[in-house]
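Chains: A, B, C and D, in written order; residue numbering restarts at 1 for each.
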Amino acid sequence: MAHVTNQQADSILDKEYKCLNAGFVRLIDYMGGDESIVQAARVSYGKGTKSVNEDRGLIRYLMRHLHTTPFEMVELKFHVKLPIFVARQWIRHRTANVNEYSGRYSVMKDEFYIPEHEAIHFQSLQNKQGRRTEDVPAELRQRVLEVLTNTQQQLYTEYEQLLEEDIARELARVNLPLSLYTEWYWKIDLHNLFHFLRLRIDPHAQYEIRIYAEAMAEITKTVCPLAWEAFEDYMLKSERFSRLELNIISGFLPSETLTKEYLESKGLKGREADEFLEKLSHLKKSSSQGEGSR
Amino acid sequence: MAHVTNQQADSILDKEYKCLNAGFVRLIDYMGGDESIVQAARVSYGKGTKSVNEDRGLIRYLMRHLHTTPFEMVELKFHVKLPIFVARQWIRHRTANVNEYSGRYSVMKDEFYIPEHEAIHFQSLQNKQGRRTEDVPAELRQRVLEVLTNTQQQLYTEYEQLLEEDIARELARVNLPLSLYTEWYWKIDLHNLFHFLRLRIDPHAQYEIRIYAEAMAEITKTVCPLAWEAFEDYMLKSERFSRLELNIISGFLPSETLTKEYLESKGLKGREADEFLEKLSHLKKSSSQGEGSR
Amino acid sequence: MAHVTNQQADSILDKEYKCLNAGFVRLIDYMGGDESIVQAARVSYGKGTKSVNEDRGLIRYLMRHLHTTPFEMVELKFHVKLPIFVARQWIRHRTANVNEYSGRYSVMKDEFYIPEHEAIHFQSLQNKQGRRTEDVPAELRQRVLEVLTNTQQQLYTEYEQLLEEDIARELARVNLPLSLYTEWYWKIDLHNLFHFLRLRIDPHAQYEIRIYAEAMAEITKTVCPLAWEAFEDYMLKSERFSRLELNIISGFLPSETLTKEYLESKGLKGREADEFLEKLSHLKKSSSQGEGSR
Amino acid sequence: MAHVTNQQADSILDKEYKCLNAGFVRLIDYMGGDESIVQAARVSYGKGTKSVNEDRGLIRYLMRHLHTTPFEMVELKFHVKLPIFVARQWIRHRTANVNEYSGRYSVMKDEFYIPEHEAIHFQSLQNKQGRRTEDVPAELRQRVLEVLTNTQQQLYTEYEQLLEEDIARELARVNLPLSLYTEWYWKIDLHNLFHFLRLRIDPHAQYEIRIYAEAMAEITKTVCPLAWEAFEDYMLKSERFSRLELNIISGFLPSETLTKEYLESKGLKGREADEFLEKLSHLKKSSSQGEGSR
């Protein structure tokens, strides 16, 4: 046996996926792929996996039933260049390995995040953490950009002057802004990467980190196309309904129409159709007992 | 300020919740409660939490939106006595702290798992990992129990004989069975405990570990009643629907009926009603584009 | 049984330990103490702990032999106010729980790190990451402080102006500097806290994070005085010697002088003296085989 | 750029390293090697690494100074077959990914740990957890082996009978012994693997897990020869001395003899000699203040 690799993935190794004005994501190395998810699952379930006899079906089964450990057997390593305020959100995901460029050891480079015109938004009214869709007038956008870029240049000049005076690097940098770019190597297993992507592709995530998550989604899809498809179908494009929401929904779902034949005609095959019918029958039962509120 | 505690929780400290024939779970200590979830969230969101001005609402909001870090601020410590085969499933949850009784240092005690009559089941036919609901004949049950208990006694006698010959404890124990009881201290934060409970209360979990999960659910509910309620409503009794399932469901949900007034009449209040309507409008949009299968 | 607490520790709950010009550390809550380390160890080792019959001796034994799990049974929760560049070093410790103040939800406050005169240093010459001990002239110090504080005020004014224009908070903040103060709740178990303190009390750690580590050391000592003493003796004030260094050292250690009586006269008691003699006999053996270099 | 691999390591992919009577370790896949440790460190330290201009020196510097994150950039995946009592010690290392053969899904195989004659020992007298070196009489060894193997066959027969009666697999297995073999895939990064090996190669670890640790040490050395050498010199064959031990030792180390020239003649080169002298000067200082006991 040899390393599990795939040509598609090998062809994007080291390729820069541009993000924001000066950042990027690059896939540096990876270990495993769809094949190694299947390999690990077959060790776990032994003969128990015979009935699911093709790889795609097995991977989808694992994803659907939250059997997450086989996905941990794939590892991806990225090189990322990103603004510090994005890095601060990113690093909250603790199940990864990181080596970041250090402003104690080295001189930070003169590169700052400058938003594109379309990324400049008003504060959202309903949403404490978001941006409003309403357009910011071109003239105000221009002014914002000027303030940002002028100040960035000034801050870097002050930084350079402190270094010239031979002030310790670790101190000279303290007034550098959160818009400054940093770099890191970031390594994570596929299960935890999916978790990261789910949270960071979400419309509630800040625009600037979403850009990175989307680039990494492209890369991940290339490394593990089957796992990615399962992730999309059962996680990314799925929806969770609460107890109360289920009570409401279930009233509108006619058991007599929702037969196995009907489901299959709509694309839900064999085992998945059974699982859906089982879910529905639970709903009916619990909603007939459930109170409307509490 | 002082420790965040609650009387109800203090009154069950150290109480034995019996599990299986000779096991138990005891709450040994805990740190924090509903109050400290709120406290941590208010630091995170600062003035941003003003609009959610009561604790219950805030906790439910956090749970609904997967803002999990405030739940990590509560910690529970359990003393558990459990059969080794249950311990082997349990320990797979890596985000906890454990101190287990050691068969290298100490002599294992003469206590084994013996199933109750009703816990003896046939192998499930559809489910590779489960038990069949069909009844096992009383006579066969009796035989199973006899085999198990006789062998357990024999194994313990052999163990004792090896110890009498002064064979090293770490070696003398190797033929002790998975049904032997062990003990441990197990400490975990509330977020990770919820994750553990969600997987182990599930009907697909093995019966014997479910018994422990249910006892711990009781305890958790006492320590953090509001967080528990939110966990039940948005996680435990929620249901996830895949992309394809959503395509099917959305066809049956009449936008004209599902108004905010209707939802409120069914118990979905203010913000939650809005969020539900937003989810529905996404569904409609994506299902009108979505293909039935792929 | 009740919560394991101690009066000394309770008396410092919530007390502000000032750090730098505007930061602090406060102990918000804790679970357990020396007593619960012992309690957990006695479950692990069962009767095996009988021979170590007093708490202090047992705790020291555990620390010396890297039996770290009982130390994980104690948990401490801190409230910390700290500059962002310190927070960025701190967060690299992944085995903790964090809730940080969010600049997306809330307006950042007008507080910045301003070094004391004595904390302004030249770049170290030998050490890539450090500060030089040589004094910075008073006049240069003054200039550094002026640059820092003037710029901080300017940056905050620009931030306020962007907020007044109703630019989204998450965008308005991107030019705020690393010297800005943030706040968080930070919860960690004692074993991992010791690891954090060992790295951050070290003279190679940046001065500004060391100040926090020292405040937390004070607090930790109050919560678990016996564990702290063991940590100091066997970790903080211990020293590791490499294979080659041991080869050199062992040539100078006279076996005939280093008897158990001698060691006891110097304060190394019973078991510890035996362990030391065993270490020495290993050294002698391996150094007589060991080559000088490779 | 392409995957970081090495021929030596590729040549042992999939090779069985036999362990105990029926177990093994196999390297299934790996990501990175010495080269990727260096690559990650150079990102972290930027120009700061220029002074350490060759790979071996840099890797040794990182190991010596506990800069552990670059070692996390290498990942190894093993397939292991091991007795359950060994698996129970092994799984306590939480920073790894595991897929284990499941006795709920599949029928366990008829393979049990049978110790070699030389592995049968008496209980250690001083050491609560160990074996005594004194020989067990051949006749007693024979008897122990007979008891173990006879009982193992009986237990497997009973297991098969329960399966024939169609009792659920998850229940039928509960009397199977800890000596039964299981299998898993186990994936870990190099830093955490070193930590595992340090604890499990140690003479205090149980003999049976040590055998596995030694096989994995061979494999690791092949994947990362330079990192392994540094690990041996600075960790595995290093020794830690406590505060009190240092007080004693330092009295015997003559400053006048221990010059840089002397150290270099003994193989401690440049930077390392300086670091050693710095350690010594600390010792002298603190021991002249230090009390003998407390």
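As a convention for this text, a residue touches a chain if its C-beta (ideal position, glycine included) is under 8 Å from a C-beta of that chain, and two chains touch if they have at least 3 such contacts.
What you are looking at is a predicted structure, and each value in this text was computed from that prediction instead of being measured.
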item	value
Between C-D and B-D, the pair joined by more C-beta contacts	B-D
Rigid-body rotation angle, subunit C and subunit A, from Cα fit (steps of 5°)	180
Separation of subunit B from subunit D, taking each centre as the mean of its C-alpha atoms, in whole Å	33
Euclidean distance of C-alpha centroids - subunit A vs subunit D, Å	34
Centre-to-centre distance between subunit D and subunit C (centres being mean Cα positions), rounded to whole Å	27
Where subunit B touches two or more other chains, by residue	45, 48, 98, 102, 105, 128-129
Residues of subunit C that touch subunit B when the two form their complex	1-5, 10, 13-14, 28-32, 36, 39-41, 43-49, 69-70, 72-73, 75, 77, 79, 97-102, 105-107, 183-185, 187, 189
Residues of subunit D defined as touching subunit C within the complex	45, 48, 51, 64-66, 128-129, 199, 204, 229, 232-234, 237-249, 252-254, 257-258, 263, 266-269, 272, 276, 279, 282-283, 286, 291-294
Touching residues (chain side subunit A, partner subunit C) in the complex	83-85, 87-88, 91-92, 94-95, 98, 102-105, 113, 115, 119-124, 128-132, 136, 140, 144, 147-148, 151-152, 154-155, 158, 161-163, 165-171, 173-179, 206
